[in-house]
Amino acid sequence: MNIVVFTKRVAAAQEEELKIVRDGEDLDISKLPFKVNDWDNYAVEEAVKTVEKFGGQVTAISLGDKESDEVLRRSIAMGAKEGLLIRKDDPIFDPAVRANVAFNFIKKHNIVFDAIFTGVQAEDDQFGVFGGYLAALLKIPFASMVIGIDEWKTDHVVVKRELEGGMSERVRIGIPCVLSIQTGINEPRYVSIMGIRKASQVERKVFDGSEYMENIRSSIELLRWSYPPKKEGAKLLSADIDSACRELLEILKEKGVYQ
Amino acid sequence: MEFTNTTKVFTCIQCGKCTGGCPESGRTPLNVRLIVRKNQFGAQVKNSHLWYCTSCGTCTVRCPRDVKPSEVIFDMRSTLVESGDISTSIQKALENTFLQKNPWGRARSKRAEWAEKSGVAIKHISDTLEKRLLLSCCVHAYDPRCHVIPVNISKLLTYSGIEFGILGEEECCCGNEIRRIGEKGLFEELREENISNFNRYDVREILTLSPHCMNTLKKEYNLPKLKVYHYTQLLWDMIREGVVKIGKDYKKRVAYHDPCFLGKQNGIFEEPRYILKSIEGLELLEFSRSRENSLCCEGGGGRMFYEVEVQYERNAKIRVEEAYELGVQTIVVSCPFCLMTLEEQAVEKGIEVKDISEILVEVLE
Amino acid sequence: MSYGLIVADVRKGTFDERNLDLIGFCNILEVDAYILLPKGDYDVDLSYFKRVIRLNMEEADFLNPLNIGAIVEKTIEKFGRPSIIIFSSSSSGMEMASYLAGYFNVPIITDINGLSKEEKVFFKSCYSEKVYAHLRLKNEGFSVLTIRSGSFKQHANKKCEVTETEEMDPPTLSEKRSFLGYVEEEKQEIDITKANFLISIGRGVGKKEEIAGYEELATLLKATLSASRPVIDKQWLPKERQVGTSGKTVKPKVYLAMGISGAFQHIAGMKDSECIIAVNKDPEAPIFQYAHYGIIGDMHKVRDKLKELLKGL
């Protein structure tokens, strides 16, 4: 069982106020701490758990700048056998481009795998596109929002997909395939500082990203950034309990947690 | 889990003084003496037992053979940390500390937000002459309830003309709890970062607001040239020397709760009491267990981020009940952990819990 | 004239309300709305659409991302090329959209929640609602878009005079992925970190006897009950239900906090929830600073009224 996991290093913005600079043209994330994309952390854990159970090996791949090596070291500390960096110093925003670069990389190096795992989405751009797009380029089956892998067979897997309203479905998909992993599928293990230091001793191969960019152009123009309308505390529902409760039920419906 | 022993477990004579003083023994499965014993044999210890320890230090203080039983426990936790065998809430605290340099993962950039509430101009350490660093501690920096403590201290210092500076968003967790959780690598990183900041700004003395920070800076940082002290020490000096004058009375029945890291681990018992005794009208009562025997509030050693397996009556509750029996109106503390744990219980008994600085600003001229 | 091709958001025989956002989106862009629908008796007002394409296939096959490429190819053969193909940003919508975009190797923008029609610019949130990216498509052909629920439904107000309905046979179905079934509510241990919808109760609940009423409410709403530490300390709910720094960190879609003041240790465990609704009798309670919606009032009254409404439904 060979599993390739794509893992991305992202700015940890959850706690920060993001600064839009240069008249909306740029987002200043230079002061933020960076970390592994949360979803990818689950994907790496799931891959490692899978090979621990069925044998095989995990290869972690990151597409990003040189600092992205950090998430590869982390993956290795978690149990990946090797880490490959497709180095591209200026970030690629368009998920279609990212998927195409990954596709070219896989083809060029003839990377063999039984499955590719990705996170459902990245915390930064939140496109949620990479896995599905890549699967289609590779012409292999795909499932996203995977919250459970119930069965691994030589030619197929059975996975559980999360749907709305607390529902989920079970689908059977052929191997090789791409699975986009949803948070909550497992409990990613802790990697200690010493563990990461040890992992640094495993060599990570670096590839020049521009070599896989031939004939790929982005068709999405990022014009500017803006802030969403400011939220000033809670929006209070009606003072009358009856109306307030009706409004509450409407909100629950809109959020898709109650049908 | 099998453990290897690096501490002096073989000098242990199994006298049981550790367990005898342990605030967790009897009511929880934690038995310090037995853990040391099992360590001597390399025998199995149940992982969950290790996490009851609050790192109060009683066992280590009382041990006649210098075994340092609490350190034995931290070492064993370390083995669990390295193998990733820890609870998710502890894991979160560690990951957060790695990322944002505080266990809650709040933005490092907001570390000095409390300063805006102070109403006085607070300098960065580099802009000061005396290089006296006020180290706020993660709790004071991020828990809105505790902001008032650095705010009060800053005001008191400013009004008294005592120069100080802060590190602002460069400040980073001291690592006292991290080391006690057993993440030694992370502790080392925090220590290195802090020391490099102290060196960069030529810091000469450090005024700590939390006894936990003071403890590790004093004992685990190896800073022989730096003077490290707790704010109650400075405040008492200021009162004694007449730099601040108490002008109002405080007509309440008050009990002072000795924090483990200030009291039994670092021998500071008198200054907080002197401060309180110098306040007119304040009736200072003593808990039956005070000073060296003070009952641990159970906020330390990772317990701030973790609920142990067995549910039992919290020490904070026992403490508050005793205060209630004594007719105490205000429990006074000088540690943010004690403040939080005791206050949570005290609200139900209608008793207030205050940091010593909160009382002081009320009674100043 | 080119059209917008809506891939219907359907599930278990129901036509989701989220489809209205897709219709509204087409209306704002002033493109004719075509919709792809599988077999089934959906309760849907077809007059919203210029054309309804009924595929002679089961819902489960329709929702299989491996089939969508061929379906769209067939649609194009028959009706020409759309300018956009749109999905809702639901679990299956996102799955199909990303696969379809890769199938044709065309651009895709997901989770659109606003637009500027003049500039042909779409807005999408990044960094969990911290900022919006303004994006423009510069390709010639069609693109794939997914639309966030609740963003455009108020624009679904235009009816077409004529709606053409066509039947279409499905393409050859993929055998590489098959639907096995919906997962029955497995009686598994309750894990509040995995719940989509938490009702969390705090010290304000007052008495142990009140808990049962909240359990009942949670059952009616298919929510999971969690609590702040004082409730757990009193052993009114099991330990595993504690939210906060020393309990569990949760990130549900909806967090309904009732009788919780919003202490730092509690907030740290739930502040990243997608939508926080607070019920508290104290308008000054810190929880309101973190909540998206608030009800100032007695939690028990809110509970009882909700139960009444739900039972009456």
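Here the chain labels run A, B and C in written order, and each chain numbers its own residues starting at 1.
As a working rule, a contact is a pair of C-beta atoms (placed from the backbone, for glycine too) under 8 Å apart; a residue touches a chain by one contact, two chains touch by 3 or more.
In this text, all values refer to a predicted model and were calculated from it rather than measured experimentally.
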item	value
Overall pattern in which the protein chains touch one another (line/ring/star/complete/other)	complete
Farthest chain (mean CA position) relative to chain B	C
Central chain of the complex, centres being mean CA coordinates	A
Centre-of-Cα separation between chain C and chain B, whole angstrom	45
Chain centre separation in whole Å, for chain B relative to chain A (CA means)	39
Distance between the centres, which are taken as Cα means, of chain C and chain A, whole angstrom	20
Of all residues in chain B, the ones touching two or more other chains	88, 106
Residues within chain A bordering two or more other chains	14, 16
Of all residues in chain C, those that touch chain A in their complex	11, 17, 64-66, 69, 90-92, 94-95, 97-103, 105-111, 119, 121, 123-139, 143, 149-150, 174-183, 193-197, 221-223, 251-254, 256, 272, 274-278, 288-289, 291-298, 301-302, 305-306, 309-310
Chain C to chain B touching residues, read off their complex	229-230, 232-233, 235, 239, 242, 245-249, 263-265, 268, 286
Chain A to chain B touching residues, read off their complex	12, 14-16, 31, 33, 35, 187, 189-195, 197
Sites on chain A touched by chain C in the complex	11, 13-14, 16-18, 20, 27, 93-96, 99-100, 123-137, 140-145, 158, 160-174, 177, 180, 183-184, 218-228, 231, 233-237, 239, 241-242, 244-246, 248-249, 251-258
Residues of chain B that touch chain A when the two form their complex	81-82, 84, 86, 88, 91, 94-95, 98-100, 105-110, 183-186, 188-189
